[in-house]
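What follows is a structure written as structure tokens; I'll ask about it next.
As written, the chains take the letters A, B, C and D, and residue 1 is the first residue of each chain.
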Amino acid sequence: MGFRGTAIWSAVPFQGRGVVIPSPLESVSLSVVIFLVTAAAAPLLKSRQASLINIAFSASAIASVIAAFAGFNAVATGAVETMVLPVGLPDLPFYLRLDATSGFFVTVTAVLVFFVSIYSIGYLKGFIGHPAGLAGQRKVTSLAVFYCLFVAGMLMVVLADDAYFFMISWELMAAASYFLVVFEDENKEARRAAFIYLLIAHVGAILILLSFGVMAGLSGGFENFNGYTFSAMRASHIPGVWKAAAFFLSFFGFAAKAGVVPLHVWLPEAHPVAPTNVSALMSGVMLKVAVYGMVRVSFDLLHVSDWRMGGVVLVMGLVSAVMGILYALMQVDLKRLLAYSSIENVGIILVCLGLAMIFKSFDMTALASLSLVAGLYHITNHAMFKGLLFMGAGAVMHSTHERNMERMGGLIHRMPQTAVFFLVGCLSISALPPFNGFVSEWLLFQAFLLSPSFPTPLLNLIIPLGAALVALTAALSARCFVKVFGVVFLGRWRGQHDTTVNETGLEMRGAMGFAAFACLALGLLPVFFIGWIDAIPRELVGGRVSETASEFGWLWLTPVAAERASYSAPVVFAGILAVVAAAYLLTRIPRAGVRRAPVWDCGFEKITPRMQYNSTSFAMPLRRIFGFLLSVRETVRPSGADPAFPKRLTYRLKIRDRIWHGCYMPVADASFWIARRFGRLQHGRIQIYLLYSFATLILLLVFA
Amino acid sequence: MTIQILLGVNIIGAAVLAFLGDRRLAPEVNILCSAATFISSVFLATGVYVNGPMLSGGGFFFVDSFNVYLAVLTAFVSMTTAIFSRRYMRYERRHGRIGRAGMRFYHAMFQLFIFAMLLALLTNNVGVLWIAMELATLSTVLLVSLYRTPSAVEAAWKYFILCGVGIAQALFGTVLLYFAAERVVGEGTGALLWTNLNAVAGRLEPTVLSLAFVFFMVGYGTKVGLVPLHNWLPDAHSEGPTPISAVLSGLLLNVALYALVRCKVLVDGATGSHKAGYIMMVFGLVSIIVPAFSLLRQKDIKRLFAYSSIEHMGIATFAFGLGGPVATFGALLHMLVHSLTKSAIFFTAGHASQMHSTQDMSDIKGLIRGNPLVGWGLMFGVMAIAGMPPFGVFTSEFLILTAAMKDAPFLTPFFLLGVVVAFAALFRKVMPMVFGAVPGNQRPLRPSHIPVIVHMVLVLILGLYLPLFLSQWFHMAVDLLQ
Amino acid sequence: MENGFAAQITGVLAALILLTAFALLVQRRIYGLLHIFAWQGLFLSISAAVVGYSTGLRHLYISSALTLALKVFALPYILYVLIHRLKIQKEVEEVVNIPTTMLIGIALVIFSYHLTSPVRELSTLMTRSTLAVALATVMLGLLMMITRRNAVTQIIGFLSLENGLFFAATSATYGMPLVVELGVALDILIAAFIFGIFFFQIRTTFDSLDIKEMEKLKEED
Amino acid sequence: MTGQFYPAIIEGVQVATVLLAAPLLVGWVRALKCWSQGRSTAGLFQPYRDILRLFSKDIVLAENASWVFRAAPYVVFGATLMAGAIIPVISVKAPLAATADVIALVALFAIARFFTALAGMDAGTAFGGMGSSREMMVASLAEPALLMSVFTVSLVTRSTSITEMVRVLSTGPFVLRPSLAFAFLSFAIIAMAETGRVPVDNPSTHLELTMIHEAMILEYSGRHLALMEWAGMMKLFLFSSLAIALFFPWGIAGMGGWLAGTAGLAGLPAAFFFLALKLALAGVAIVFVETGLAKMRIFRVPEFLGTAFILATLGMLSYFMLE
């Protein structure tokens, strides 16, 4: 009952040089306040949409810069700051805490929000300036409001240090993103997607809440509200069974939000229908906030110490990774594809976390911190390249008004800069050096390979298999993004109508450029990054990677020891560049000419763009191979008098999510069945109702 | 003295309004009376806050932290409902759904109903409590059938019979309670006063009291709308005029639950066991699950929210049954926020059905575009009632669920099932109504803003910040109910 | 009059009340129901007076008088007038056939006896054994409401249920405090008034008082 | 004095070897094949002549080709050569070997493939797309199998750095390891697939519909084609060298073993000798397989590669279970 109505500001003074600089936590709070104020003020500019967009998103960009710097400092210093706000329940005010872990997530979130906010300025102008007809002119007020609330919610989740504030922020994030998903509300598909999203998010939230219930009940008891603070949970020792209960409740709760298979079904529905800047944020950072929850609960609050928990996380991660990328390969909707790919990447992150838990449970802190660092690295990377890819997809949609890849093609000629940025995204997500995706995957493989034999035979079987599946996932994702880039940007335009497709505006290109640059920088300078996040593994698993990682200077990444493994992205990059330059110059010497000619048509002279390989045909071999995992229905129906010489062929392909039909539809059907049964209880006859009341009375009298 | 004024205003108001009838200023007078009630209830609350629990009227009235907040809530919601009904009922009158007599009757009975509820809350006498509850039923029965449509008459008849029978059981329970108390306290009015009964609860005969509790449970449980005694509730809510649905859902259920909880405290004191709590938990759980599934099948907008009320009363009942400081705190808060939210929802639902001249949800569409206040009001109301933060309902459900996880972990899956199904059902039904383009059958309407906005803002505030006085009352009430 | 004798009289009256309760279950004709109901009220009134006399509690006389006025004269008369004016069918239809109803009724009586037996042990009042009868009357009233289809018969069932409650109040506890008694009486009066209005409303809306018409509001398809 | 330049010299020699010897290996394989089939050969040096001729030819670009198409040959060539600088072909003392371990090596090949596949799609023909699709299918199965098989070796050697793996394997006591046997079998299968040899692909086919790799580079001509072809030859050379390094490392210079113990330049001649010997044998093995097997139907390839994947995983499992 200590903090009745008064704020206690116990901020650690930041090392300011002379001038008073707000501490990181204060800065992040300031940024949250800016977001909230922007959200509140946005409706005032309702009638002036253009200035609304400029002001609201500039404010978001500024706020995110503040948050990013603060988060960066918090991670770099590794200091822990706390704050208590005088709101909430009187005995349970809002506790805020910024440590290295939350600082890291603040930074990742804020950086991507910064990019996306800049992008949004250009992107949303398309909504208001657009001639009615294609997308229709529409007000973006609600989008601006909920965008700011959404970001504020994410930052608050990361800052929260008690169960109540955490849940409020968590659901604020969910609710705001729900409204963003349903932004195009006249679209039935959008409503359906938003509904599924909100429902699964809410189920997840309740599971998390129950997990907090377990932890709070066992740490502080329910004689008062003190048990709800994270510090109480952190300090308490929870007995085995309850610990497992709390862990699994929270894990599945967060997994629902992170889009882990089989709780992923909302994700490929919600991402495509949301405005693209929102999908970029949802995919890029919202899923990471869910991962943050897992990290916070399992490493920090529960001190997970049973390898089986890590094993479950690992296996779920593997399943998500493989299923996610397989489904991604089958998609023709660009944003849906990216959404499935997010499922895959979350899977990889979970694999890292699962490994970290397993290592930690066997007290192998060095390896645990290596896997954790791999996971955190991948979180950052995925935020950057998935944000970039979504922004690129948005740019493409913005110009072509198409989501279906089967009607795109050859955009590299019309949108050259976007194509370059998108290519960088594709290279990064395909884990190709020297871009960032490769570094995290490399670290993960190191963690897998350096794993010594565990005392449990089961783990010894799972670990190699896991490595194999991660390798498969990486290869498939390269394939997937060859398809995306090839079909969308290369080849010739497949569209029905010949639209004038132009390069997008400066803001959008700028944002994509920033993100692409971030991808490259993260890929080239991993040592700095690992040094920066050094405090997190120390805080969570009690080990560190940075010392060995930077043993040979910034150029060489040696996570464990030089003789175990080393990787130098700058040298690889420079080497390839040098060879390319040399080859380019040397091959010029013979001075051979260049001329253009029609493509080789094999003697068939009526080649049309529709004969190009498209997304569906590109994915066909894999549909054959992995078809048993998916639910594929493929029919070819010839029409015409003679079946041997059909006039036209109708090809129909339907790929459905097995999990949706196997797990979700039965539940929905069962609910309606039960509802019908319950409905039958209510006959409408008053005698029956009286009988119920009579029977209840008798029953109670008999048993009570 | 405040209490007498508080109750007197309503009685006089009822008389004046019966006299005024359908005159021009009748709605304003109605608002005025309710506002006066509210102001005096605030005075009463301040008094209680400063001086602690008080007895008044020669021990006839008793105000403590448990009932004072409910009294203020009742007065407050009745005031906002009166404000809402000004525009709403005028619209109904203009469109010929009710006549002159109907208006006269509506206003008079509204005040009488508020009087009955305040009396039930403030009285110290178990018998008078019963009388007030019965009066509350009787005053609203004919309001439910105000439109005189066949379904309205049917709904009112069911309401009358089922609640009449239910409340009769409660009277039997009261008799049994008196029977037990008389032997300890002595004959006369004293044996029916809470204050006396609480003091001697430990000495009351346990067998009699557990028998009495069964009758209280069935009796007041019917009025709370607990499954399977709930069958009157959806009918009455959907067929009556919206202001009446709002106060039935927002206030009457609370008052009935209040009566039940008061009885439970006595029974717990006498038996020394947690049996009453278990009974309430079972009733609560069943009342969470069954209506949650029923929500899936609703077609009528007001019926939908009536079922949601049952569900929420189930949650509160469950929490009271669970006991323990956090759960009880949560239950008290839940009664407060549910009543604010649900009445706001009924306000918007009423306007929505006026805009489309139907209560059939499949014909209601495009509310946000058609009328942002109604649309967003309904949307946020549903979010709040479905338990999304940062609204107050979440706060209470948060406390209740976490406490349940500790004390009754094996019941939480059922709880969870109900809450999730209800959530899904509500959004499934509401999303097509609020979103989308404006349909052709929609008529423009000037909604009554203030009540909706005020309620939603309060619920929002309660989700983020619980005022000190309120939490102190809750803590005191929790101590009282332990 | 000594207590023993009063107790005997109360016992006899209790038996008569139980009998009338059964008679209400059995009776097919609507006027017959009214008569039986009036008789039940009369027994109730007498028993209140007897208890009042033997214990010297004055307010029981008031209760007794109220019962006499309301339940023996006013309510049967109002109902009679309504039935007459609304031209209600004279035969009563029941949902369950009468022998079955009787059997259930007897089971209920045994159940009530069983339930109240621990209470009876406790009681020192002379009327202690009547609590079982009161409870049985309440339950039989409820049973009657469940088994009848007509609005009027349901109301009679309801009123007989109230009689049982009143009997419990007077016999088990020597009457509730006066405020409560008066309040209850007032409520019953208002209720009677309301069901009067209802009969007219139902009649004008549905052209009959058969509550079969009123089964439209339901959840079943 | 000059000792500090040794590494640079070794690196230079190695890169030059990869560049220059790769066509020779291809020529050797082709010649062997002809001999085995009783045909007359074009000589061991025909690949050099091909490449040189292509360099001097004009380029015919597809109308629709973008810069991706034109950049791809250079990137492919660069990535492959970079790989050549990393694999210890003749010596483990090459300084660039530390820039990338075996995982990064696989990724370097992946870059080359990524760009080839993109280039295949750039022209906008059905063949190019088909080639890319098939190539990526093969790769997406081969790449994980490849990783698994090298992982087995790295589990044995407790390192992913190739030089370290070579050092451990060749200096340690000779132990018969079932895991390495599995890994080698798997590696062999994958190498066939990755380098586009029969039974997965036929490098000398002229029927578009059966092509995989060739279909992708169908539109290339002139120096672009030369670079692509050269990179392909280097790839064969490098996979052979990698197999040698991982499974038969004896004789590679610079690790102080009994064969080529000298650390400096002195060890190189012996290393060259051993390399030539082993590559010649590898060529014989390739020809044996290619003449003995027919090209598979495209949808049999997954089964073939699946076998490799299973073998590699078995190798890993057997490491944990048996060793």
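By our rule, a residue touches a chain if its C-beta (ideal position, glycine included) is under 8 Å from a C-beta of that chain, and two chains touch if they have at least 3 such contacts.
From a predicted model like this one, the values you see are computed outputs, not experimental measurements.
For subunit B, the chain with the farthest CA centroid is D.
Contact tally for A-D versus B-C: the pair with more C-beta pairs in contact is A-D. For the pair subunit B and subunit D, the distance between C-alpha centroids works out to 78 Å.
Subunit A and subunit D have CA centres that are 36 Å apart.
If each chain is reduced to the centroid of its CA atoms, subunit B and subunit C end up 30 Å from each other.
Note: centroid distance subunit A to subunit B, computed from Cα atoms, is 43 Å. For subunit A, residues touching at least two other chains, in rising order: 676, 678-679, 681-682, 686, 690, 693, 697, 701.
Each of residues 115, 142, 145, 154, 211, 214-217, 219 in subunit C touches at least two other chains.
Looking at subunit D, one finds that none of its residues touch two or more other chains.
Pairwise, the chains that touch each other are A-B, A-C, A-D, B-C.
Residue ranges of subunit B in contact with subunit A, taken from their complex: 157-158, 161-162, 165-166, 169, 210-211, 213-215, 217-218, 222, 228-229, 231-232, 275, 279, 290, 293-294, 296-297, 324-327, 368, 383, 386-390, 394-395, 398, 401-407, 409, 412, 416, 419-421, 423-424, 427-428, 431-432, 435-437, 463-468, 471-472.
Across the complex, subunit C is touched by residues 125, 127-128, 130-131, 134-135, 138, 141-142, 145, 148-151, 153-158, 160-161, 164-165, 168-169, 171-172, 174-176, 178-179, 182-183, 187-189, 191-192, 205, 207-208, 211, 234-235, 238-239, 294, 297 of subunit B. Considering their complex, residues 55-68, 74-75, 77-79, 81-82, 85, 96, 98-101, 103-104, 107-108, 110-111, 113-114, 117-118, 120-130, 132-134, 136-137, 139-144, 147-148, 151, 154-155, 158-161, 164, 208, 218-219, 222-223, 226-227, 298-299, 302, 309, 312-313, 316-317, 320-321 of subunit D touch subunit A. Residues 4-5, 87-91, 163-164, 167-168, 170-172, 174-175, 182, 185-186, 191, 194-195, 198-199, 202-203, 206, 209-210, 212-214, 216-218, 221-225, 228, 245, 671-672, 674-676, 678-679, 681-682, 686, 689-690, 692-693, 695-697, 700-701, 704 of subunit A are the ones that touch subunit B when the two sit in their complex. Here subunit A touches subunit C in the complex through residues 676, 678-687, 690-691, 693-694, 697-698, 701, going by the rule given at the top.
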